[in-house]
Amino acid sequence: MSLLEVRDVHVWFDLPDGSQLHAVQGVSFDIDPGDRMGLVGESGCGKTTTILAVMGLLPANATLAGEVRFNGENILEGGEDTVRPHRWKDISMIFQGAMNALNPVKTVGTQIVEPMELHDVAEGNAAKRAAGELLELVGIPAKATDRYPHEFSGGMRQRAAIAMALACQPKVLLADEPTTALDVMVQAQILELLVGLAQDLGLALILVTHDLPVVAQVCERAAVMYAGEIVEKGPMEELFHAPRHPYTRLLFAATPDLYGDEQVMSIPGAPPRLDREIVGCPFQPRCDSSFDRCKVEAPMLRAVGVSHDAACHLNDRAGVATTAQELS
Amino acid sequence: MRGADYVIKRAAFAIATIFVAVTLNFILFRLLPGTAVTNLSRVPHATPALRHALEVEFGLDKPKWQQYVIYLQNLFRGNWGISFANQQPVWSNLKTDLANTIPMVLLGTVVSIIVGMATGIISAWRRGTKLDQVSTNIAIAFYAFPTQWLALVILILFASYLPSHGMSNDFLINPTPWEHFKDVMSHMILPSLTIALTLYGEYTLIVRSAMLETLGEDYVLTARAKGLPQRTIVRRYALRNAMLPTTTLIALSLGYIVAGAILVEAVFSWPGIGLAVYDAIEARDYPMLQGAFLILTVSVVFFNFVADLLYFRLDPRITE
Amino acid sequence: MSQAIQAVETENLSLPPPKKRGNWFWEIIKGSTQAKIGLGVILFFTILGIFAPWIEPYSVHQQSGAVFCAPSAKHWLGCDDGGIDMVSLLIQGGRISLVVGFCATFVAMVLGGGIGIIAGYFGGGTDITLMRITDYFLVIPDVPLMIVLATLFGARLSIIILVIGILLWTGTARIIRAEVKSLRERVYVKRATSLGSSNRRIIFRHILPQVGPLLIANTVLTVAIAIFDETALSFLGLGDPTAITWGKIIEFGFLRTAVSAGAWWAIVPAGICVALVIMGCYWLGQAIEDALNPRLKVAHLSPRTFRLRPLVGRGSDAI
């Protein structure tokens, strides 16, 4: 039994015209303590929605299916009510662009202390001291607890957000594009910090990003998402050098942008619409190696190596696929 | 002290604006050609002696810039001229009028703020539902009704049940303080109700908008991720942060109630500064008009300043 | 590598100013019921006003019924104290009320838009001076100043229009200035400047089209205020005595004891017309503004929570 088991999670969003957008289509993965897993893909592939679903942070127009088991217990069973006790205490999160993730009218210290007192981890002066220590842990002077978020630079704010996320000593940290809004130098520091914390505290980390160099720096394995599904998951080395899905191959081979920001997608075409049923492989229209079977039959996620799965008919042909379910 | 210079800057701006208004007053009423009729000394039915005294007091025979200086001096001394209508000093007239207006407007404003906030919050929380749509459109309707028309409609509807004219019953002889108080209060109901109705729509829309804004902010999602219960998040995050723009917008609007007061007092003959303006317009009582304009302007500037201070107090991001 | 750099350079050079779709206005209308209703109401009254002389059932200068006669089949909304048909009065009144509203708004828009663009575009000293002036005007209360100006300069339609217009430009100026300031920083404007385009050309070709929609949204909302202010001025006796506006109708109703005569029809419908037009403007203006600045934020908190759907044989184990 793993620490966190995500089983066949689906998310639908209600659209204004009455139809539904199938944003996440049966995602599964396992996380053990100390794991550092990346969740990568283009914008709109469902990676953010997936980790939001893990914590039950979906809006009212969302429908959820599947299981999220923490230490064996399905925390999504009763919806919001069964999920809430686990929030922050067992699983916490840092968001894209901490600019607004922190409440501008309250001091940083107050915001770190708040979940501590809520989950009975500490209170009063002890809590305040603990908050100071957390700030030191992420590289900010302890007396910054009395400062307001706007007094921090972007990088420091993200550090403060990390400190806040650690307030109740969670076992899993979900990071959604934690460094996208920061400049390259600061990016590297934050990523280093995250790796260090994972190693020192035995914290499991799921890093969601579209930025491949980031994933490469931090994670030992990754899951690649496309159109709401995981199309390949496995060790970073293998994804880089021996990808078993055309999308992964194209993704990792794309020329990085000269100016160091957004990944320039050199894959022509666009992802499929998720408000209607997709027949066959969702990547087929943009795939450079597709054949007839791809248009009619959707490939299933199959083991293609040790702890390495991929969903592509090409693997069948090569004869390396097995039908045994292997969780990575 | 944090932001002492901010407070000073805003205070300086407020004073500067009053100064501009004062000068504007002077220019409009004394300088422009064709405004000879506004000559302060031409008080109807005044004795030549009085006329002459006024001329001297206001230096009406001296060059313009000297008149300006005298004007400023007189302003400070409380010498604002004599009302054409009742031959009384403008300042003492306005003092009484203002004292009558304030409680009536205050009552209406407080009620409208409370009701407006409640409906705004509920509307935002239940965004998109029928309740929200109905509530918002009702607010828009009341915001759209001309104030004087609303006053008249209320008059028509309630004239037989509640007093609708003046501030007190002239036929009440030697009332006890309590009786007098009850009398005045019963007269205040309709005009205050009108003020409340005319204002509440705007406040509903302001609060609703502010709440919708904060409910969509990332820090609310963070609060939810922390495991905070819904009620706490609404109170501690959404509401608290929505109060920022709300209080300042409300404070700003207070200055503009003056216009509403004019129309409401005219309809209900409430003897306040609004009615004074109304009568002054009719009678072309320029000294009174000048004085009232000044008071109204100062009150708006004052409330703007208060709004600045409030914003500064509530939002730690303002340091400059 | 150099090829890539070249490609990036050429891209920026040939980048045209981003043009909003030509028919953005109709797109917004189509997309919002609120906008449709608002536009509908405004059009209704405008058409009524344009065709007033041909539509009104009776002449507004001749008595056609009894004094304060009640609504009946002959006079749908009764008559006023002079026996003149109310419906005809309302139609005529709408005509002038709307004219005043539109013209005053036009004045305010030209002033406000102009000052906003100049201040935002040229920045520096011009900006500071203009904004100072705007700040003062913003703070000085509209209605009292209008009253003073109207009292001093007399009550003619043109004066009223000017007076209202002069007070309403301030809000617009601020908004437009903010928008222009941010537009100025866009790449294509900097490009055009360095290529030697004159300021005038840049303003008219690049800035104005971008700022246009915002200006229009603001215009619509200002019409509402202008009409509101006109009724206030009329009520205080400062309206043009020869013109019939809805505000005047209400004023007459008040002065000529319609209330004590129980003749609500001499007052109520006029106010409803004003309110309808103002609401229409508000709906339309808000819809345009919302479309331009989509606060498409999902509420992160709401009364209901996400729903759960049990998985029924979706083959979760068949891998």
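As written, the chain order gives the labels A, B and C, with residue 1 at the start of each chain.
Heads up, the rule we're going with is that contacts are C-beta pairs under 8 Å (C-beta built on N, C-alpha and C of every residue); 3 or more make two chains touch, one makes a residue touch a chain.
Predicted model only: the values in this text are computed from it and were never measured.
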#### Entry: Chain closest to the assembly centre - both centres taken as Cα means
C
### Query
Which chain's C-alpha centroid is most distant from that of chain B?
A
### Task
Counting C-beta pairs in contact, pick out the pair of chains that comes out on top.
B-C
### Query
Per the centroid of Cα atoms for each chain, what is the distance between chain B and chain C, given in Å?
24
### Task
Could you grab the centroid distance between chain A and chain C? Build each centroid from C-alpha atoms only and quote it in angstrom.
46
### Query
Using mean CA coordinates as chain centres, what's the chain A-chain B distance in Å?
54
#### Entry: Residues of chain B engaged with two or more neighbouring chains
217-218, 221, 224
### Query
Going by the touch rule set out above, which residues of chain C reach two or more other chains?
298-300, 302-303
### Task
Note which residues of chain A are touching chain C in the complex, please.
7-8, 10, 12, 26, 28, 56, 58-66, 76, 79-80, 255, 258, 300-302, 309, 323, 325
### Residues of chain B defined as touching chain A within the complex
217-219, 221-229, 237, 240-241, 244, 314-317
#### Entry: Residues of chain B touching chain C in the complex
13, 16-17, 20-21, 24, 28-29, 32, 34-35, 38, 125-127, 140-141, 143-150, 152-153, 155-156, 159, 212-213, 215-218, 220-221, 224, 230, 233-234, 238, 255-256, 258-259, 262-263, 266-267, 277-278, 281-282, 284, 286, 289, 292-293, 296-297, 300-301, 304
### Task
Would you tell me which residues of chain A are touching chain B in their complex?
55, 57, 84-89, 92-93, 95, 97, 99-105, 114-115, 118-119, 148, 150
### Query
Which positions of chain C touch chain A when the two form their complex?
1, 4-5, 8, 298-300, 302-311, 314, 316-319
